[in-house]
Every structure is written in structure tokens, then in C-alpha cells.
Amino acid sequence: MPNSVETIRIAILGASGYTGAELVRLLSRHPAARIAALTAERQAGRPLTEVFPHLGHLGLPDLVKIDQVDWSGIDFVFCALPHGTTQEIIAALPHALRVVDLSADFRLADPALYAEWYGHEHRAVELQTQAVYGLTELNRRAVRDARLVANPGCYPTATLLPLLPLLLDGLVEAEDIIVDAKSGVSGAGRDAKQQNLFTEVSEGMHAYGVGRHRHMPEMEQELSLAAGRPVTMAFTPHLIPMNRGEFITTYVRLAGARTADDLRAALAERYRNEPFIRVLPAGTVPHTRHVRGSNEVHVSVFRDRLPGRAIVLSVLDNLVKGASGQAVQNMNVMHGLIETMGLEQAPLFP
Amino acid sequence: MPNSVETIRIAILGASGYTGAELVRLLSRHPAARIAALTAERQAGRPLTEVFPHLGHLGLPDLVKIDQVDWSGIDFVFCALPHGTTQEIIAALPHALRVVDLSADFRLADPALYAEWYGHEHRAVELQTQAVYGLTELNRRAVRDARLVANPGCYPTATLLPLLPLLLDGLVEAEDIIVDAKSGVSGAGRDAKQQNLFTEVSEGMHAYGVGRHRHMPEMEQELSLAAGRPVTMAFTPHLIPMNRGEFITTYVRLAGARTADDLRAALAERYRNEPFIRVLPAGTVPHTRHVRGSNEVHVSVFRDRLPGRAIVLSVLDNLVKGASGQAVQNMNVMHGLIETMGLEQAPLFP
Amino acid sequence: MPNSVETIRIAILGASGYTGAELVRLLSRHPAARIAALTAERQAGRPLTEVFPHLGHLGLPDLVKIDQVDWSGIDFVFCALPHGTTQEIIAALPHALRVVDLSADFRLADPALYAEWYGHEHRAVELQTQAVYGLTELNRRAVRDARLVANPGCYPTATLLPLLPLLLDGLVEAEDIIVDAKSGVSGAGRDAKQQNLFTEVSEGMHAYGVGRHRHMPEMEQELSLAAGRPVTMAFTPHLIPMNRGEFITTYVRLAGARTADDLRAALAERYRNEPFIRVLPAGTVPHTRHVRGSNEVHVSVFRDRLPGRAIVLSVLDNLVKGASGQAVQNMNVMHGLIETMGLEQAPLFP
Amino acid sequence: MPNSVETIRIAILGASGYTGAELVRLLSRHPAARIAALTAERQAGRPLTEVFPHLGHLGLPDLVKIDQVDWSGIDFVFCALPHGTTQEIIAALPHALRVVDLSADFRLADPALYAEWYGHEHRAVELQTQAVYGLTELNRRAVRDARLVANPGCYPTATLLPLLPLLLDGLVEAEDIIVDAKSGVSGAGRDAKQQNLFTEVSEGMHAYGVGRHRHMPEMEQELSLAAGRPVTMAFTPHLIPMNRGEFITTYVRLAGARTADDLRAALAERYRNEPFIRVLPAGTVPHTRHVRGSNEVHVSVFRDRLPGRAIVLSVLDNLVKGASGQAVQNMNVMHGLIETMGLEQAPLFP
């Protein structure tokens, strides 16, 4: 099949994980994209349907190793590899290729900060400096021109979309931000780990990574940029017995005499024309299930019983807006396409 | 917005139930359809987003009562009302309107059989006679010309799609067909019933309607037509703690010296060009989760340890191919559209 | 069967709800108790096995209406009726009977506070004044001599058990206490409500009652008593797709130079001899599933990334230590029995 | 603590798996047993609470390797090791020790049959011949005198308890027995396998081992003994998204003019005095959730719509009556104890 002028030929590196599969799901219906290569080192040689039977009807190419990809037939790369394995691989790609990286490898701009949290020197420092943080709605201009976009983490996306504008507009204090986060299990990936067995996860919940989750420095980096000074936050993630969905409860201190209504109004105004962000009316609580499978973010603000405080609630699907959906959104921006292209489908409920 | 020539203006009667919501989800992305009216008697006057927040971004009309619909602006009706309430309503619709009815009211062709299973005389016998049974892949020609299509039940769709061709081709016996069926909870609807509470349904399973489920006469009607003589079957449905999905395990007796491989080959051949039906390779088991949210049916045939027998496995999403998806598929057929229109999205997994 | 001297003859009022059933489960194995009467107004006349088949093997009396109970054969009453319906009923009980009430009706000591949160005057003010708040480990002496024990709510039990001692000992500040709570669905009861259907609750989560949950004044009452001055708190409950379990994440400000380790050490010392409370070692996170079905509370304290703060985690089974288990524990204390009697069984995992 | 005369000193081999943990849960409350040794090769040296935090309060000995056990302090052995690893280990135990083995290693009496299904010669043929099949209710006398009891599989226990008496009494035919089985995930064990991840198992279901599950020969062996001639059956297991519970739907042919009512009456009579088996009244369907955590089996018989057939439904908790509970029950029989000892606790619902 000859390649039409408009079609972007896509390679997905790491197609045997959940974010890889989600990229396939979304891009298979994208009118301006064509999946041209799928890589998975350990599964190379197998048809996609054996690894993900739900994608078996799409007639896509078999899985190959990265070094088997013919880059001359590729226009754009999504990198959905595990954290820490991505740096050399992206550094070795032909320079003409534009890339959205879904790992954490290029999210921290400061090499020292990276080394502190990941325990080793960054292996592609130059690229790290060029990478653009792809929180689309708040960084659209930089994303458009980027060669390498570092797709934000799921928790940071859900947390920062409501929080950054409030901080930028001086509506909340940068001190004492407390983020209590809850996530479905798909965020933990597809590797066989005892702790993620159905029997270990269903019918119960627990916190994890208390005080030391790696999404923290990523969030603090962005909050500090917005506040114009170093910001430290509290962040506690919890694992919830559901496949998809992230629920963020953020406890903030109001600046001056601001109220929860002020915050809601400011967010509603800021995101008025954003197709993927819905600021809910007063008193309406977001549910993760109402964004399942979609690229939407729902946000709500409530008065806190503690004077001078407010509670911000936000939800998204960690595999879509929290990963692959935002990655496609970034590709759309990078290519000057309509931003919702390939991302229009309604949430799946129940 | 003026109505373009090609756009079918849709009314969905009963939009506050799950099949109604699923019609909205699918039709909101259908390039040749526009949702023009949504009815819900008890919720009339409310915006759709209050009843189904996941559909709130679609900008659809508010819910109204059926008698508030301006039928002059409607081309096609989907009726997603509860069983037993549909007959008079469809009888009263303007005759020019074509209808797909998702209830059980028009599935049985024989008024006496209807009366026996539903405990009252049919209230629209003439319509009942005209109604076409909308098992699309096997009744496409009749569906095309129908005014009123009776959309099959979820269990019958999942059971009959593999079974009818085998019976028609004389590969299995009509005697001793045993269907062990398992369904997710969304098939039970959205009414508040204690037995469907999370606490009553999760972390456990049970059978229900043993030996007396109302999908039985519907299946026996179609099996009898295929066999050319009355067929009785065993059917036991079970409720499984999941939202969507239906898994059918059918135990059949092989005709003559036929084998499981013969059955699989016959089904593969029969459904070779069907976009929604996948006959899996030998040894591959279908999973309900691999068709979630899609209009697909996956079928597999296994050798039974009992000589002269085989086991047929089939899965679908009860709200899509088992209800609203097949309804849209039927509309596509009735309007001469490409049959997959509005139904192309890939399954959502995990 | 003649009543032995030691056997306490029990009436359970409201035996058709989940806390009622849980009382039956626990008391049926209690060596010093015998269930003599079970009431359920709407289910009166039915055997228990029809309402709760899992209790069908116990050979217990049929359900009756409250006015059918022969109080001369009763020594002790558990009242598991809905909030707001309990006041007149307990007021009308023979005065010789001792009572543990599992509703919220007698938890607030201040009639004005009750009226503010429940929208009507308290209907048994005198009893309200006498009632003892039954947080057993912290109020054991008063419970022992009480005629009427107001069994604490599930959220207050899980929150206060770690928090009150820290406040009493001056280790944390009374200001700025933020409680982010997560609960399984059984806390919502057995009434048929659409919002608690499996399809509405599974595979997703949401907050509810943000800033206005009725467990707030109960917690603030106890915190204020401990602090010696009025305390206001933030409290956000969330509904998690699991049957049982409550997970409380409490964000506290440390007093002076206290550390998270100080808090853990203080709690470990305070609860050293308590059979139902386990303070976990540093770095160990509690899971709700590890206390499922048992009367245990697990507590853990973590350093917060925000300087001067700590994070306290606590879990319990909302139907056991959060309701019926603590009620039995209180009965044991009131009767001078070994406090663990009938409550020894190990958690059920997985 | 000196060992009292009556106390049985227990070793549990393989205490880091789910059946091992379940043995600990049950035996920790058994008045005549004391857990004296717990083995787990890979976890040796660790306290039990690190492997199973829900058992952390019991004060049990740390995990050791099998060759570290001092057998002189042991009276009874439960062997909960993986299939295939058990034969040499039991053969090497001191001969005075009595053993209940929960693996499949000694369930097949015929060495040739074992070799056929397991792909290697049995490594302890002499023991295999002596082993008694521990389906307690139907083999109590042999169990009492056995040195080595082969504890039945979960599916065989649930299937055979209703089926064997019907076959023995000539009420059903031995031909054409079709068993459609559904199980929770805990039956798959605690090993880290991708296919058992929460994300791969929840919100969906599938069949597995169709036509070749290893519980088949075990069931056919017992059915053949009962029928007095070789019996072949159909058996299809399915994996259900729940932790515990097994639901068996058995389709049988009635002998002569027998009816479903005859079957129910016969089972009710046969099991009249059995404390763990409840034959439900006509029209009542068993639920797995109503036996959760208990040693109960619930059985029900329904008329089939197919003439001359009936449907038998049975449920149990696969970790209790399907494994560890029946193992304890067998120990009770072997020691002449009351058979329900340590097994009295009521099911946990919801």
C-alpha cells in the first residue's frame, strides 16, 4: 500500500505492554496515522494477536526487535519502553524522527535530580535538555516545535492540570500542598509480579511508595516552575482494585481571601475551550468510571471544612490521558493536526 | 443545523438505561447518524449528563417524554424500553418510521408462545407478525427490507451465531443441545434491585432462571427453524462479577462422524468475510475481555472427552453485539450503509 | 434449652442489614452468648436463611417485629437499626436491659450539634446524655459501667484510634488535620439504591459527602475532647470497589521537633497490650485485605516529604472493628468477659 | 509450653502458598492442634508475617526448610506442596507420621494413569497404593485408618459430593455426564504469572484446560468405581474474577423415570446428618459467596427443560472444603476428634 502524503507512519517501541497496546488501539482508528512497525524484544517474531488478542482483528505487522526496524519507512516514534531503558535507544534513533517518549527518562530537566531519584547518571544528557514536557494543555506551544516530547506521568497529569493554573494565577499557596492519589492496577504494567496478582489486589487496597514515589520530583519540578521558587509537596499513592482510572484528591491552602468557588471559576475559564477537560459544576463529584477509555479529565473543587483551604478533585484514565492518549494528543500537536484526532471516542461505562 | 441528505435523524426511546446509553455512545460517533431525540419518562426534563455523566461532553438534547417527541424530525427509532412496555408504543409510532426494538417484545413470532412465556396476550399481534428477527449475519436480507427489526437477546446472539450454521449444515444433532451461559451484571439493567448491589454480586457467582429463562423460547424458535422440526434445549445462565461480557459454553452432539475440527472449519468458512466474527484457531480459548466495548464475537470449537461430542465456546459484549451494537449494525443494513459504520472501535483492554 | 447462668441472651434489632448479619456471624460462635431474638420489621415472619443464606446453618429463631419480642427472655440488646429510627425504640426498652447501639443516634453528646447535623431535635435527650462513646481501647472504663453504649462509626474508629493518643500526648498539632478516607461498599448498607449497583460501583471510584459527611462532627467531638479545645478537621471519604475494608490516610503536623518515628513509638507503646491493634514496623504499609473479617486495626506512620509533617495510615474491616466486632467487644467489656471472646478468628485472605 | 496429651503437633509443608496459609488460619483456632513447624524452601528464615501479614498476630514459628524440621516434635503433617514435588518428600518422612497430602500426587490409584496424565512415572508407587482418597463424607471409614490421605482436588470435591451418591443409588446414568465448572482465581496459586495478574483476570472470564484438565482422571476414577465400569465425562473449567469459590453445573441423564425431585430427596436423605453439606430446597440456587471462608457445600437440583435430564448445582470455597478445610476435616477423622473441630466458623458475607 503506497503511503499517502498525509499519513504519518508510526513505530511503537515496546508494543507488548499496556501503554503500547493502548497506542495501538488509539492509532488504529487515527485517520492520519498508520502503524508501520511494532517492537517488543522478548516477543519479537510473534503476531500481535498472540500477545494482545483484543487487537487481533487489526491486521497489523508482527512484533520485531528494535534493530529490525527499517527507519526509512517511519515518520514518528512512540517509545513505550520501561523506565531507564529508553535513553540510549532514543539517542540512537535517526535524527529526523520525532519522538514522544512515554517513560520517565526525559521528564526531569535537571540531570542531578535525575541521578538523585534514579540512582545513576542520565545516559543522554543532551537529549534530556532538549526534551519538552508534554503536558499538552499547558505546554502546547513548546510541544508543537519539539523533536522529543517527554510524556508526563499519569499522576502528574491528573494532579498538575488543575493545580498548575491555580498556582500560576496565585489562587493557592505553594506551601502545604497535599496530594492523596488513587490508581487502578494497569499503571503497574504487565510484568508478572506476585504483588499484582488478582488474589493479592482485589477486594482490598493499600498505599505504596509513601513519601518516595518517583512522580514526586516530576510534579515538584513543574510546581516550582509555576511558583517561581522551590516547592515541596506531600504525595501518597494508593492501589485500588480496578483496571483503569486515577482519582486525585488535592488539599490546598487558599491564597488571601480566595474561595473554592473562585478556584472553580478560574479553572472553568482557563479550560473553557479545551476539548478534553471538563470542570464540573459546584457539588458534582468526578468518577473515574466516567472517563474510562477516553482522553478526558474531569475536575471539581470543593469547599473544605478547614478554613482557608479547598479540596480539588480530578480524574483521568491512566492509560489514556495519563499515557497513550496524551501521547497521541502530543503527536497531533507536533504535526499540526486537529488535536482531538483519533481521540474522540466516548468513555465506556459501565 | 440543517439536516444533510445523508444524515439519519435518530430517536432513542429509553435513553436512561444501559442499552440506551450504549446506543448514544455508538451513534455519537456514527458518521451518518445524528441523535435528535432522547426519551426517558421518569427523567424527562433532565440533561443527559445528569443521568450519564460519561456522555456529558456530547452536547446532546435533554431527555423528554415520548409524547413530547416531534416525529417529523425523526427518521429512525431505537426502542430500548423494558420488556412488555414496548408493544403499544411501537404500534403508535408514525408508520413511516423504521424501528429497531431492543426489547423481547417482538422476538417470538408465535403469539401463543409469547402468551405462554410472558403471561399475557401480545398487544400488537400484527406488528409481531411483520417483525424481522435481527440476527444480522444470518438474516441480513430480511433485515434490509424490514420496517421493524426485533433485535435478538444477548444470550441468543452469542449462542445462535455459532450454533445455527452448524445445525443448518447438518454438522451437529438437534437433540441434547446443552448451553451453559455466563453473563456480566450490566445485562440486569440499571434499576435499583437489592440482588444487583455490588455487595450482593461481587466476589461470588450463582446461577439464575434455571430451566425457565425467557431467552429459551427465542433460541428454541430459531433452532427449530434451522432444524426443520421442534428443538428443545437445556439452558442455564449464571451471573458473573463483571460489568460486561457473555461467555457461552455449548455442548453438542456431532452428526455422524463429524469432528470438532470439521465444525471449526465450517464456521471459519461461513464467517470468513464477516467483519465482526472471528473463529479462533484450534486450541485458542476466547475471553470476554478481548471483545469488551466492541461489536465482535469470538468463537472456538474444542474436542470433547466424551466421544461423539464437541464443545463450542463463544463470547461477546452483551451491551454491544448483544444489544446496542447489533442494533446499530441492523440500522446500517436497513439503510444500505457500510455495515461496520460507527462500530469500528477496538476493544478496551484491560 | 434451659439458660445456663453464664449465657447472655441476646436480641439483635435490625437483623436484616449487614451489621445485623455480622453480629449474628460473630455471636453465633461466642461461647457466652446465645441469640434469642432477631428483629426485622419488613422481613418479620421469615426464617433468617431466606434473608441471609450464609447464616442458614445456625438454627436461629425466625425474624420477628420488635413488638413481638419477649423482653423477659433477653439480657442484652444490639441495636443495628438505621440512623434516626433508633431513639424512640431504645427509649422504650425495659430499663434493665443493657444496650450497644450501632447507629449514629447516640454518638453526639451535644443535642444542639445533633440537631444541626441531622436536621431535627434529638428524640431521647436524656439517654443521649447517659450514652457512653464506645471506642473500646480508649474508653474502656466508661464502657464497663454503661447501660447504653454508642458504638462509634467506622471512619471515626479507624481515624481516632491512632489519632487521639497522638493528640493527647501532644505529639501532633490539633490544627490542620487532614483525613483522606477510603471505604468498601458494605458501609453503604443493603438497601436497593441505584448508586450502589455493581455496575455503578465496580471498576471505578469516586469521592462522596465531600466536606459534609456525618462522621465529621463525631470525630471533631472526640478530637476536641482530647485537645481541650474545639478542633476542626478536613475529611474526604471515597468509595472503593471492594466489599469490606477501610483505609485512612491522615496528614498531621508534628508538634515541636517530633518525628514520624516518635509517633510510631508512642503508638506502639500505647497499644502494646491491645489484642486487636497492631502498630506495624517502620516502612510497612497496612492493607485492608489483611484485616478482612477480623476485629484488627493495623496502623503505620510514615515520614512526610513536607517538613514538619507525618502521614498516619490505618485500616480496619468496617463491618467488624468498624461496627459489629467492636459492638461485641463492648459487650464483652460490659459483662466483664475476656475482651477477645468471640472475636478471635484470623482474617480471611485472599 | 509443654505439650498436653491431646494436642496434635502439626507441621505444614509449603506454608507460603494459599492452601498453606489457609491451613494456618484454620489450625490456629483448632482446640486440639498446635502448629509446630512451617516450611517454605525459598522463604526459609523469614517470619510468617512477612509472607502473610494477615497471620502475623498468631505468634507462630518462622518458616524453615523441610530438612530443618525436627520430626520428633511433630505428630501430623499437612503437605501443601506443588504437584509433582511431593512424592519423594512424603516417602522420606518418618513412618510414624500420619499425613494429609493436598497435592494431586496420590489421588490417582493407578500408576499407569498417573504416568499418562503427568508425563512421568510415579516416584512413590508403594505409597500411592496405600493412599486413601479423602473425600470425607463418602470415604470416612477408610480415612480413619489411613496413614496417608490424598486430599481431593477442589473441582472433584464439589462435583463428586452430589454426583457419586446419585450414581451409586442408580438415579442417574453414567453416560453423558457433563460438568461445567467455574472457579475463583485463588485456585491458581500464588506464583507470579502474567495470566493471573489483576489486569488480566478482572472484568472478564474465559475457559481453560478445555478437554484436558488434570482433575478429569481423578473424577473419572471415582465415578468409575461408583458405576462399576469405566466412566468418561465432559469437564470444562472456567476462570471467574473472584478470589474464592467454585460453582459446578452438572448436566445428568436421569435413570428410568427418575425426576429432579427424586435426586434432591435422595441427596437430602444421604446428607441429612452431615454438618458441612446442605441440600437446598427446591427452587433455591446456591451462591459461592454464601459458603465463603467456610467448609460448607451447598447443593441444589433442578428439572431440566430437556426431557430425561436434570441439572445439579453445587458450590464450595475452593480453599476450604476444596482444600485446607477438608484436609483438617480428614485429620479430625484420623484422630477420632469431632469432625467439625476448628471448622465451625460461619461464612463471611459480604
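In order of appearance the chains are A, B, C and D, and numbering begins at 1 in each one.
Definition applied: a contact is a pair of C-beta atoms (placed from the backbone, for glycine too) under 8 Å apart; a residue touches a chain by one contact, two chains touch by 3 or more.
The shown structure was predicted, so the numbers you read here are calculated from the model rather than taken from an experiment.
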Chain whose mean Cα position lies farthest from chain D: A
A-B against B-D, pair bridged by the larger set of C-beta contacts: B-D
Centre-of-Cα separation between chain B and chain A, whole angstrom: 36
Chain centre separation (chain A, chain D; CA means) in Å: 46
Mean-CA-position distance for chain D and chain B (Å): 39
Multi-chain contact sites of chain D, meaning residues that touch two or more partners: 18, 186, 199-200, 202-203, 241-244, 287, 289-290, 292, 350
List of chain D residues in touch with chain B within their complex: 176, 178, 180, 182, 199-200, 202-208, 210-212, 216, 232-236, 238, 240-245, 247, 249, 251, 285-290, 292, 302-307, 309, 311, 313, 315, 350
Chain C - residues contacting chain D, complex: 18, 21, 24-25, 28-29, 52-58, 186, 202-203, 243-244, 278, 284, 287, 289-294, 296, 298, 344-350
Chain B residues touching chain C - in the complex, by the definition given at the top: 18, 185-186, 188, 190-194, 196-203, 241-243
